[in-house]
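Naming follows writing order (A, B and C), and every chain is counted from residue 1.
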């Protein structure tokens, strides 16, 4: 069975509706049913594979990246950094003397960069007035559908390092 | 069947209609005969002619069928219309240059000779050629036909259209192709036969 | 009294003919219930006896298949052969014996009907003498049955009156060949036609009556042969004739004498052949002296130049064949016409060699076999003469009686009917014969039948004649009994039994054996099967001209038929006769026989100025009892048409399709005209296969050839008159609208 039509002077309809039985490309019911069954089976197997893959997949390893020095920013101060790759912009806020929080800067609505409003003590998105809580990144108001992913920080000596992303 | 061809010789026909009756016996078409039989001009002559489908190389009937109901197989046989597809539109009846297909309005189906496919596909001879008492219709090897005075041809010229068939017509020995346009017999130099339309 | 017990219309309504269109079981039957076996046998119709295979399932014939190996026809068939299988399982088939009541017929048991038949036959013979009973047989019966009938008439009944419907067919040729050669058989096998250089076809409508012979003629032409056709009509083979001679009806003898005149005048005869192998040449030579081409031309209507040319063509060929059939034989000069043709062959030395000779085309299925073994009123088995003392002695020995007990010759078929008419014969037992349709002058036949005191019929359909019967014994079709027949070539063939008779119908041979037993002559008929009859036939024919002694069923099967004479079991048969130059006469010579001109028995006159000739069409067979019951054959040519030339038609303002009343000296019928140029302008033609008001034999006359007693069907005189209204039968006939088209006048009209 040829898939491609040889170039010829004959008009297309003569090939498409050829009167010669040797040109016919009939599919029998049996062939079609086989095809349907195999395709369904293939799709089932594919889905199964995806399921198994997600079940038994290892948790992804995140890099450890130095973010800042210990007293680098004041209380209610902000530092922007990139974690885990240079394309992922994040924001760190010193909420008190001892407490630092960090979130992905991409608003979960339409990916605008959120900023820290010290006056309102919350993360605000300038695009559509979406506000996030500084405490856990949850949505206080506005269109964002999900909380901001939180960056896990750790103190290593005098440095603050980011070690994981939670709630991608 | 290998080596066998179908030959039609109307000059031998005696009008007994044995072919018509034998063809009608096939239960594929249940009592309807697929032979085209004519008295040429009974008031003037006893001449008769019986024709089967000519099974053209490029069957005009199949080309014009809007339902793609007529198929030609690799063995050269042009089959009768496929029952599920034929819509009884008579396009093929009008298109065939030889006037072979017949419309049966009660079945809304075209039926025509299929060279007794139920017989020829298993190595038997077509019924009409087997029973014809004058062998006006014959299904023989070419060496049998060579014994006749006439010679077979399968090229017909209908004006500009050249039709090559699988069934042979017996013609006088000096004829190569059978021309069916009166213009081809005229003595006029301005008309050039066999030219393609512009 | 043998007047029909009910009106013709009601009998036709009850018993047919009703045309059958669909095979038994329907069109799709074949694929759902395929045939169980194929029986190789022969066609039940004409003398060509084409090989055919019948498809059988259970006890029914359901179809046919060509038999390509049989050498005569190589699988070819005519439309009657193609459709013959439709007779089996036909609704009109008689399944029980019937006996007459005051209102019609009722079914009866075999005992009742056989005993009644025997009682009435005995009573008639006791009251009026042995010869008051007559037996009619037929030429479609296998040879065993025709032999049985001959023995039945002479031994069981002791009557001398037995004859058969072949009296209407082959007797002119038979008598002529016996006079000339001493034996009645086609002297050459059909394969000789292929080797001839000239074939003269005289009075034979080969295309419609013997279609398979057409292929032989065409192949003869392919090899360079020339065809001369003599016929008042242009039949389909005339298209390819090298010469066509339109002879006036009844004048054939003059034509052939004219041809011989030219041959002798120009010295083209073969003197060495004549002097070596023949006698009587001088008298014949003298007798044709007066028939110069001009005289012959005036008598026959054939141009003198054509006579000259035909004679030259025929005589100058090294190998020439004459084929003739009823056209020349159905005349009161039938024997002489054949003798004139034989004289031509003898004068030119065309006999006993490959590709040369003279042959009759036997018309009926077993017309050859049926005229060999005693079914004729003057014949004993082996083609012996009933008056020959040696023949009588031999036959009597085989039959177990004394030769004095064998009666002398009786009346022939038409003479039997005349004897019935004048009251000499009082009872008739008929098988395979439909005289009301096939004998000439059907009004006379009807009057005669009505005078019969007892009329018994053995048949498988109710024929028109059987309407007059007192008892009808349900007999068998050809495929229901095994036996042999003899084809037109002289080839003895084997008819196989395919099925048993259906219902309560019985084999014809069983019926006659039972009748013989009940007549007290059972010991002479100790047969349980047709094969036993054949064994006796072999013995009875031994030593006669038609010697079958060396032929057995197995030998026939192995050799695709054996040509008689075949005197011993190791003899291969005799395809060609006279190869040694000897005839079957005691003197061993072929006899030239003088033919003398006389006028026909019903000459044209001022009152009846037009020649009427009758004949056949390809789709019907004989009296139509069988073929008028097959729908496709009826549709091919539904009603008899009057063939008339335009020049004659315009004298009466007759156009194609007009109703014309044709009147002869005896009667009148009204038919539709078919205006065609393919007939002589002084002649009209009517096919005879129909009965009652459509019967051509209402018009024909009972003049017989004095020697062969064949009626003069081909030459009558008539007058024409345009009819104002169609006849009554046409209105009834059109009520049964046929499904196909009436193609007989060339304009195809689809009747839906």
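One rule holds for everything that comes next: contacts are C-beta pairs under 8 Å (C-beta built on N, C-alpha and C of every residue); 3 or more make two chains touch, one makes a residue touch a chain.
It should be emphasised that the depicted structure is a prediction, and the values quoted were computed from it without experimental measurement.
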item	value
Chain whose mean Cα position lies farthest from chain A	C
Pair of chains joined by more contacts [C-beta pairs], A-B or B-C	B-C
Innermost chain, taking as reference the mean of every protein Cα atom displayed	B
Cα-centroid distance, chain A relative to chain C, in whole angstrom	104
Centre distance in Å when chain B and chain C are each reduced to the mean of their C-alpha atoms	37
Separation of mean Cα positions, chain B and chain A [Å, integer]	72
Chain C residues touching chain B - in the complex, by the definition given at the top	21-23, 27-31, 63-64, 66, 68, 73, 75-79, 81-83, 207-208, 211-212, 214-215, 218-219, 221-223, 234-240, 618-619, 632-633, 636, 646, 656, 674-678, 743, 745-748
In the complex, chain B residues that touch chain A	59, 62-63, 65, 68, 70-74
Complex interface listing, chain A residues touching chain B	14, 17, 19-22, 24
Complex interface listing, chain B residues touching chain C	11-18, 20-22, 24-25, 27, 30-31, 37-39, 41-48, 125, 127, 130-135, 147-149
